[in-house]
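Structures incoming, each one as structure tokens.
Each of the two complexes below includes chain A, the first together with chain B, the second together with chain C.
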Partner chain A sequence: MLSLFILAPLFLLFVLNLPLKPVNKACFWLAGVLLSAQILMALGHALCPWSLYPDKLGLFFVFNLVMDNLTLVMLLVIGIVSLVALFVGKSTIILEEQRFNFVSLVLACVIGMNAVVLVRDIFSLYIFIEITSIASFVLIALKKDKLAIEGTFKYLIMSAVATVFMLCAMAFLLLAAGDLSFAAVHSAFYNPANAGLLKCGAGLFLCGLLIKSGVAPFHGWVPDAYSSAPAGVSILLAGITTKVAGVYVLLRLFGSVFILNAQFQNILLFAGAFSIVMAALAALTQDDFKRMLAYSSISQVGYIILALGCGTPLAFAGAIFHFFNHAIFKSLLFVNAASLEKEFGSTNMNTLAGLGNKSPVTGFTSLIGALSTAGIPPFSGFWSKLIIILALFSAGRFVYGGIALLASILTLAYFLAFQRRVFFGKTESTLSSAGTSWALRFWEIALALITAASGAVFVLVHNNWVLPLKAIFW
Partner chain B sequence: MSAPSMYLFVFFGIFSALLLITGIYCMLVSFNLIRIIIGFEILVKAATLLIISAGYACGKSALAQVMVITLIVIEIVVMVVAGGVALWAFRHNDNIDPRELGNLKG
Partner chain C sequence: MTKELTLFLIILIPLTGVFILPLISRVSASLRNWFSFAAILLSAVFSFLLIPSIFKDGAVTVFKSLPFGFNLALTADSLAIFTAAVVSLISALIVLFSFDYISHYKHQDEYYPMVVLFLGAMMGLVFSANLILLYIFWEITAITSWRLIGFFREKEHVLRADKAFLVTVFGSLLMLMGFLRIYQETGSFDLFTIKEAVKLHPISNLTISLILAGILSKSATLPFHTWLPDAGVAPSPVTALLHAAVLVKIGVYVFARIFVATIPLNLPWQTIVAVIAGASALVSAGAALVDTDLKRIIAYSTVSQIGFIFLGFSLGNEIGVAGGVLYILMHGLAKAGLFLCAGIIEQNAKTKDVRHLGGLFSSMPITGISFLFCAFSVMAIPPFGGFFSKYMIISGTFQAGHRIIATVFLFGAFLTVLYLFRAFNLVFMGEKKSPSTVAGEGSRLMLACVAAFALLSLLGGIFIRFPSALALITAQKMLL
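Right after this comes the complex of A and B.
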């Protein structure tokens, strides 16, 4: 059954590209049904563990796909964010040809991401990371305007350099372990004979993955790529694509495959804390909403990396819960950006002012997203940050815990500055609304409800989803 | 893995390090998008050489060959996309100087 997560989008991609007029007309709805099915399968897994059914398709496609709790959370997030990105793209992309290409490329991205979270082999991981990345390069350059081409080229070159690091790391791991499956590499770490080669391989992998996830010293491409992409694509990129290709692989490899020794812990802790503070300070000075959100995204990825560097099962579970929350509230804020761009033709905070009366839903939901990002109690962002900070303090990392705590104030500062400039205050009479889009309103409200609800019923979420994640950490 | 095959790995490792340095120099020094892509291609060739010699040194040549063939296919796809992006940069700016790609800042 597990191979269906890869084969069903592939089959749909194939069918959509057949010259059939009615199928091409309905492409958004077909892809939407597929992604909804993925969300339902991930949510209903506890009731009906369908992954236990024998996989007849596995006779033809030998991939060794495995399901565990981390994979389940990832499949759920991939489903939700891709669905939102798909329908935001439906209401913001106008040209017929671009709409069709957008659906095909989103499906290609979904194939790559589903496979990345299901495979248990470093080389297959590399292949599917590249499939995801290539689809997202083309998605950023979808409109082919000058800025989009520039953003794409920067992302492409940084990603390519990261790929070279990962390939060299694979050569060292192959030499030391003799095989690249997770089990073989993990058992090779307990053999003292090749410790130097393995450390070299893991270090090179770490360099490549830090570039891929856009952590602070290597973050240059992130704001350019996110802000120059079309609205639907920036939701997909910021919410899930770069996170699965970089942060998930980092969590998986350093959480359960490589041995996380003190040197790697220190590198991860420093990189996490540096990107939290640096990106939050950079976000304060931005004028463009999407660039500000991109810096905020770097800052939140810093929390995940910091929690991984802490190296305890509690911190690891907190990191994955923050990954989920970040995907939801950052998608919400990017939908708000898409809504502002569609209604008022700009995301520049200097030209937008006092829109609270004109678009109350956008104003209210972006406030929810901002409070959740900053970690204000009723919302889910508070709980994941609480777990991370508690884990840091209980592991004795008081300085890093303090940095994580104080940086929340910086997060609140830049989001409240944005709210005040754009939504509060007097309405400029020159700004005229080009009509509200009810589809965008619907997704804003749905994502705001998810982030509020998963904060409100946190005990339930904690017992059913967060606690089982601790077992993944070796 | 035996000592002679380890020497072989070190021998090829030195060559691939030289290729890596060449590729990085090519990417950093030239002001031409196509040359940056060529520099990246040299980097990937260095990694390919390292993987194939690692596979030989640990006695898993077949596995390494399968990996390298897959890797070449994927790199070609990345190169095609990069070439397309460079083509559109040329259409917008009438040259392929990466210094023209400096409009996004902050």
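Right after this comes the complex of A and C.
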């Protein structure tokens, strides 16, 4: 059953590329159905534990796929964000050829991401990280203009460096453990013989993954890549691709494979706190909404890394909850950006003003996204940040907890500046709306509802999703 | 109807009304206005209905345990129900006033839901017995006040709205840190549990100062006071709501709730709070003496009067605390009246600069008298209500032995008289300055509202027996 998550998109990708006119025409809907099925399966897992059914298809693979609660949450987020990205792409990408390539590449990304969250050995993990990354390089460069190529190039170079780190790390780990499956590497950590090699391996892997997740000071590629990509691609990248390829792998490896010793903890805590503050300060100075969101994304990833560095089960649960929330509200904000771009032709905050009357849906939903990002109750971002900060305080990390808490004021400041410059003001008569698409409005409202609802029914979310997560780690 | 249900209704009527209002506003504008008024009035009515039983039989509590100690804990004790009744009554009158005041501006469809949400969040906050629940409602009021202050959407207005939002959120983040530290120290966010726990282990000073910072920022007390005068760019009913009914009262109320009723402050802290309050009262009274913008003068006056309330609550003796509780009522009534009068003047004379106003008494007699009555109450002239509350606080200060502080506050009270008379003279007395200031009265509904506030201030003083009895019982229960 589990291999369907990889084989079904692969099959669809294959079919789409056959020269069949009707299939090509319906490519968005076919991919949409596939991703909706993924969302439904993830949501319905509690009712019908399909992952327990025997998996004949798995015989094709040399690696084994395993399901746990973390994977389940990830599959859900991948489904939601990719679906949103797909349909935002549908209403913003105009050229027929680009549309078709876009769908194929999104499917390739989904294959990679689904596999990353399902596999249980480091080598396969590496392979699928690369598949995901390569698909996203092409996606960023989809428009083929100068900025897009520049953004892709930066990402490509940084990714290549990260790849080198990860390959070296695997060599060390293989030397020490003799096998790259999670279980083997984990048990090798309890053997004092190769402690140095293992620490080296884990450290190199950490470097590679910090680059991949775009944590400061390795964040240089993030703003360029996110802001130069087409709207649908920014959603996919910021919401999920870089998060799965970087942050999820960090969570998985340092949560349940490597042993998180005090040195790694300090590195992660520092990198997290530094990202939070530095990126929030940088976001304050941006004029372009998408660049601001990119910096905001770096800052929010900082919270997840910070929680990881804290190292307690509660902190991990908070990190994953924040991962989920971030995927939802950052996608929402990027849909808002797509909507602004489509309607007014720009995401530059200097040229936009007082749009609250002209596009109330975008204004209102972006406010919800912004407040959720800033951790203002009752939206979902508040709860995940609260859990993270509570975990930091419980672990005695008062300084980091305090930084994480007070950095919310910076987040709020740049989002208020955004609201003031774009929506909350007098309308300029020169701006005329080209008319927004109902599809974009639909996704804006849907994502805003998810972020508001998962904040409002926090207890349900906690009992059904967060609590089981705590059990995975140690 | 059980008391628990009534308690839920007080909170839920406005909070659910917010979601219905946008639908209603599509049908008819006047239906929307009356619906918002009704939502707030119902809250007020239910609060008043609960008063007798709670003062007689004690608090009503609703408790549901939730993970991490983020429990749904609501309690309606005498302090909560008294504040809720006062706040919802004042808000209802203010909403009634805004029917005519706001009728010719854009964005009314945003105004009414925001006001109702504001009041709903305030009701939720007043009854919260869990710190996280309290924090959630606290931040909702910050969001709504941000939207309301920037109502006119001028660039500068929105900047000031942002300032108010950022200052209060900064304070509340410090406060949240304090709350989390309380959780570390006592193992609970529930006020009842904390109350028992602190009897054994006192709360650390750092925690107290963090929470205090949040409270001071919300109540616009020195050194976080500058956002409040700046927020005067909002429509006048909104400023009235911010100053008299909801926003700044939140800080005072939470101070009473946490530092009087739950974690009693020790003597050094009492003195620190009293000194901060005294400095705040004097500095802002001085600012009110020299400012030329009518709404800013009244705003500084709020900062100054809030100092008195903090003093009352910090004393820890019965008469002082009772004075503080009574002050919430009296100051709310009088200050709402003053701001609404200022709103009428601003709208009809097209300016709020006192240098360009003058001689308005002949053309606006009812506004003038209402302004004067409300000013008398703030100045503490007997027999107006404000006299009794201020008297109780000063007498409590002497009783606690703080002679110097009491003298400082007496001087502050004297300054109050000065700046309010100055404002009244400049606006209503003297010669008419320019033809543009020949202004008529406001609409009947607006006049009725300001007159109601003026009369309530007077009646509250004449029939002081009833509110002061309630305040005394509240104080006794809080200090238990």
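Keep in mind that, in the parts below, the second predicted complex is superposed on the first by the 473 of 474 C-alpha atoms of A that agree within 3 Å, B and C clash if a C-alpha of one lies under 4 Å from a C-alpha of the other, contacts with A are read in each partner's own complex, and residues count from 1 in each chain.
Here is the rule we go by: a contact is a pair of C-beta atoms (placed from the backbone, for glycine too) under 8 Å apart; a residue touches a chain by one contact, two chains touch by 3 or more.
Note that the structure is a prediction, hence the values are computed from the model and not measured.
> Clash or fit: what happens to chain B and chain C when chain A is overlaid?
Superposition result for chain B and chain C: fit.
> Return first, second, both or neither, reflecting whether A:Lys426 touches chain B, chain C, both chains, or no partner chain.
Only chain C; A:Lys426 stays clear of chain B.
> By the touch definition at the top of the document, which applies to A:Ser227: first (chain B), second (chain C), both, or neither?
first
> Figure out whether A:Lys25 sits in contact with chain B (first) or chain C (second), or with both, or with neither.
A:Lys25 sits against neither chain B nor chain C.
> When the shared chain A is used to line up the two structures, what angle, as a multiple of 10 degrees, is there at the CA centre of chain A toward chain B and chain C?
Seen from the centre of chain A, the opening angle is 140 degrees.
> Enter the shortest inter-chain Cα distance between chain B and chain C once the structures share a common frame, rounded to whole Å.
24
> State the interface residues of chain B toward chain A in the complex, per the touch definition above.
Residues in contact with chain A: 1, 9, 20, 27, 33, 36, 40, 43-44, 46-48, 50-51, 53-55, 57-60, 63-64, 67, 70-71, 74, 77-78, 81-82, 84-86, 88-89, 92-93, 98, 101-104, 106.
> Taking the touch rule as given, give the residues of chain A at its contact with chain C in the complex, in rising order.
354, 356-357, 371, 376-378, 382, 386-387, 389-390, 393-394, 401-402, 405-406, 408-409, 412-413, 416-417, 420, 424-426, 458-459, 462-463, 467
> State the interface residues of chain C toward chain A in the complex, per the touch definition above.
Checking each residue of chain C against chain A gives 66-68, 70, 106, 132, 135-136, 139-140, 142-143, 146, 150, 153-155, 158-159, 161-162, 165-166, 169-170, 173-174, 176-177, 180-181, 183-184.
> Taking the complex as given, what residues does chain A use to touch chain B?
123, 127, 130, 134, 137-138, 141, 144-147, 149-154, 156-157, 160-161, 163-164, 167-168, 170-172, 174-175, 178-179, 223-224, 227-228, 285-288, 291
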